[in-house]
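Sharing a structure here in structure tokens format.
In this document, chain identifiers A, B, C and D correspond to the written order of the chains, with residue numbering beginning at 1 in each.
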Amino acid sequence: MIIVMSQSATREQIDNVEKKLSELGFKTHPIFGEVKTVIGAIGDKRLLNTHAISSMPGVENLVPIMKPYKLASRELKQVPTIIQVGDVTIGGNEIVVMAGPCAIESEELFLETAFKVKEAGAKILRGGAFKPRTSPYSFQGLEEDGLKIMASAREATGLKIVTEVVDTRDVELVASYADIIQIGARNMQNFRLLQEVGQTNKPVLLKRGLSATIEEWLMAAEYIISSGNPNVILCERGIRTFETATRNTIDMSSIPVIKDNSHLPILVDPSHAAGAWKYVGALSKGAIATGADGLIIEVHSNPASALCDGPQSLRPEKFAQLMKEFQAVALAVGRTM
Amino acid sequence: MIIVMSQSATREQIDNVEKKLSELGFKTHPIFGEVKTVIGAIGDKRLLNTHAISSMPGVENLVPIMKPYKLASRELKQVPTIIQVGDVTIGGNEIVVMAGPCAIESEELFLETAFKVKEAGAKILRGGAFKPRTSPYSFQGLEEDGLKIMASAREATGLKIVTEVVDTRDVELVASYADIIQIGARNMQNFRLLQEVGQTNKPVLLKRGLSATIEEWLMAAEYIISSGNPNVILCERGIRTFETATRNTIDMSSIPVIKDNSHLPILVDPSHAAGAWKYVGALSKGAIATGADGLIIEVHSNPASALCDGPQSLRPEKFAQLMKEFQAVALAVGRTM
Amino acid sequence: MIIVMSQSATREQIDNVEKKLSELGFKTHPIFGEVKTVIGAIGDKRLLNTHAISSMPGVENLVPIMKPYKLASRELKQVPTIIQVGDVTIGGNEIVVMAGPCAIESEELFLETAFKVKEAGAKILRGGAFKPRTSPYSFQGLEEDGLKIMASAREATGLKIVTEVVDTRDVELVASYADIIQIGARNMQNFRLLQEVGQTNKPVLLKRGLSATIEEWLMAAEYIISSGNPNVILCERGIRTFETATRNTIDMSSIPVIKDNSHLPILVDPSHAAGAWKYVGALSKGAIATGADGLIIEVHSNPASALCDGPQSLRPEKFAQLMKEFQAVALAVGRTM
Amino acid sequence: MIIVMSQSATREQIDNVEKKLSELGFKTHPIFGEVKTVIGAIGDKRLLNTHAISSMPGVENLVPIMKPYKLASRELKQVPTIIQVGDVTIGGNEIVVMAGPCAIESEELFLETAFKVKEAGAKILRGGAFKPRTSPYSFQGLEEDGLKIMASAREATGLKIVTEVVDTRDVELVASYADIIQIGARNMQNFRLLQEVGQTNKPVLLKRGLSATIEEWLMAAEYIISSGNPNVILCERGIRTFETATRNTIDMSSIPVIKDNSHLPILVDPSHAAGAWKYVGALSKGAIATGADGLIIEVHSNPASALCDGPQSLRPEKFAQLMKEFQAVALAVGRTM
């Protein structure tokens, strides 16, 4: 860590900061510049209460040198994390596609979609039983009944299932049904929920928050891993920017940045990012070519009757056609699908 | 609501949309433009599953005319909501100041700060017992022990207390101690938590999410009010933008926008927005002059030893001096303090 | 256009708005809702001084139905615009790659890079003679000497050249050397410069502004086209967001959005978007797979000695290797390269 | 400057960076941490071609310690810059208000507004003769005829005049009429234009770009000052964020940040920031209380007939009433008006 002293810092203030750092177990290396002094502090930043330093008189700011995450970092673990969900491998050479409707609405409709996405090549079935909705007046999901429908669909199709949990009180319940537990974008910094899913033995699909930096996203993964669950799958789903032509702005550069800084696999959710089914094909191909390990796509047998996110759902036939196109792109970048 | 049909929409598609709207209980008024057709739909949008319409063939987009929030809206209730917390009135003519440390660290330190902020004129004492921290390695709060310390400080000083809840499982506990329950920025769209605090009888201080639009913020208030608790106090604490000179960008225009669209009171938290104590004075005065109903400010007897957010905490003496300056501004805009 | 009247608008105010719209040549269609009234106005919005309406008493806001751009729109011209630069075709089935250093520093170095990017398959040579730099103390370009070096490189290699103009006074000069004139991100709304290049007969590479919406970007294209020059090539180069892991956030979804709304070709500049050469390969593949018509990439024979943007420049050998990988992706999405 | 070496940097790479820094005239101080090495480099960063270092093998990133601006910095000049425009003082204790219509439309209308804003207490008259408009189909200003009308209004009222220049070719012309030359937000990084106005002897009102950081804004000021013109007045007019309730988000914290880092005066333009006249009063008071040195406000005698930005223009009577309220706030923070 580097402590930058202000231009007007006195020698005494500099000495005090050095003394405080020593007390905290750091070795210090002051560098006296022509205008400002900076102090290099060697030691484990994670042990440091940085606030104690940054509010000392004469301190301008602190510059961290080490990343704040450790367990999620590529520095700690250089081989990619591969997550096994039954016979499905996430983070390996194969591109994995998760598909299904936004919300589970009825058993019949869900099974129909499930069989179709399986036929098209999806390996994981998605569906929401607990829905976090912007409006209290919107459909909030079938809750446990929805989980039961998912379980039947798994039985019937052999697909693994992924579904979201939104409340610490439901983690045990959701974990008892799901093969993968999803943490949605709005809960990415619901730290208690992260700790709870970190205590299950189910892989966690961790969506990026709408205004989360990549570093904060990896810190959220760190919460889960440090609670005991190393099986975190990251999912880029767009960030909030000034552009309104799409619902959110998919940050495609997060893919190589994550690959550079972390060992965790990363998927992309083009449906929620774009908010419009017509852009899902192009963005999915882009995500695969950029290096994503998989996709999570909304598919609905009858988008016009969907109780949630209809405009961004693909019909099963369109999805099946796109899956063939995705495969060609996967092969072009040396991946299987 | 207005349905905009795409340029290439056929007459049949237009008819189908009109038919569907009728089925949903809307009266329809098509307007055939030179290039595009739009359909006006009269009725209660909140009853409508808009997805059913927006994914119909030929539909380009929907334009809502009514606000999505109702109970939080100025249209429903034109007189400002005034919230009584013991003998403290929030949302009236008086500017209310809440002050105290970020986290409760020890009874002695907390009481010291409590007495000093009271002396300076604060009416409500803030302090965190449950802290949502970006890093799992940071201090997470004293939990119930912290609540007990707050209760003692209330007893000792007569100040009312406000503290944050971060888990649905703790709502009952926190409500049993706090006078005002705080929902932090990261939990603004933790809808289950909103519903839980909506079932208590304690006023709720609802901070704006870092990437929440004002409309989404009012929808979060709507969750609380529609769960049975009308006593919501909004709190602007900065939004996330590209600017890094301050931790977040305080959106001062949210004050008049909220006043225009809602009857709820609005406070400003300049400490978290700026992330630096030296900007707290200027921004507080700005908030009062812009029309805020109060402030929530971090004050710590010894910022350099704080376990959390030291750099943004004012020392009690500085706070006391600023309170006098705030009073002059309050008077200049016709408020008392 | 739809005029939304406020809830408290009187009948007289509604009548006045209708009357004013009639005077402006619109046909009006009021729809009286249960709470609010909206007025549909049929006619050419571009003829309307919308300010006249939006500040009339009782008007809440205006909702445009038609896009504000016309000449740049897909609605006007449904076949894609194909731009011929000598024997290079931009906007057709072939992916076109422009490459070269950020700034021209010396003839020798520039020629060396030029031959190498040609050998690797680039069709257009990029290089900056006039550099818009954030700091007045940074290298500002060789100006006309730089243009002369570019012309020699064109002569020597047969590559076409693209270079930026930053001042209306230089448009004639730059146009006399360049095959394609570049408008940089910072000048995307330098409307006088747009009009000037709109009066040349050279194709224009129009970079997206850092905070420009896609609609504003197409309006900038509209300035050029309406000045007489239909040969506009759009170039996505990242937008400014809160994320700092990359210099800017590449908005990959702008590619399908542009294809949906405009007939103009679109390239991607991964070098400026990412600000780091190590991400250029992944983002380039992503751009091709998402549907971009080409790329513009920084290549420098010796990045460590570059006077500008060294960290984002690829070495020629790395560029040559990536070009082969790009080709595989192009083929996978049915494009040639 | 601090050079952070990557974890995998070899001793040889570290030595090479030190050697290169020495060649560039820096004294180096390596600090060997437990995991990473950082190198402190003492010397004038402005002399350094940082690219040469940041792309060297083993370098992870550079951390600047000194601000990139010098002439605009508080470090260089600790007393505030006071700018004299005839008998009007900007940057002193008095709050200065500039007011007038967005665009000059006719002499009669302009004079009418001019007399009214003078009567209300404005000291400077604003008006646009050259208008940068998003659409090529919008009114672009009366050009030199507009300047002549402004000059007459100055003669008639005694007010000083401020008006925008948008093209390097017009700087001499505009400077011959205006008392203060305005650089609009869209031209904040039109560096040639900055250099041109830097060569006049007229004060420059430099608006902040929509996506400009405060540092970039001060760098733009640095362009003007380093060209020979020290009389720069900064103007905050809102930045682009995700929030759409106001046209832009006024960044009120830029006021104390500028005061902390620069000696230049700063005004606020609430009209363009909010885009709605009804928020101008609240934001103006907020700006004064936060520490702004003045305001620039749109006033139009008949907003409903304005050719530009009518919705954000105040009527003269409303402006006159607000001016009294502003004065009370100014006095409360120890300023005159």
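Keep this in mind: contacts are C-beta pairs under 8 Å (C-beta built on N, C-alpha and C of every residue); 3 or more make two chains touch, one makes a residue touch a chain.
Since this is a predicted model, take the numbers as computed values, not measurements.
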Quiz prompt | Maximum centroid distance from chain D, chain identifier (CA atoms) | solution = A
Quiz item: If you tally the C-beta contacts for A-C and for A-D, which one comes out higher?
Solution: A-C
Self-check item: Geometric centre distance via CA averages, chain D-chain A, whole Å
Solution: 38
Quiz item: Once you find the CA centre of chain A and the CA centre of chain C, what distance in Å lies between them?
Solution: 31
Quiz item: Which positions in chain A touch two or more other chains at once?
Solution: 211, 240-242, 244
Practice problem: Can you check the complex and tell me which residues of chain C touch chain D? | Solution: 46, 49, 51-52, 54-56, 68, 132-137, 139, 166-169, 186-187, 189-192, 195, 209-211, 216, 219, 222-223, 226-227, 240, 277, 303-311, 313
Exercise. State the interface residues of chain C toward chain B in the complex, per the touch definition above.
Key: 2, 4, 7, 29, 31-36, 38, 40, 42-44, 63, 65-66, 75, 240-242, 244
Quiz item: Within the complex, which stretch of chain A touches chain C?
Solution: 211, 213-215, 239, 241-246, 249-257, 259-260, 273-274, 278-279, 282-283, 285-291, 325, 328-329, 331-333
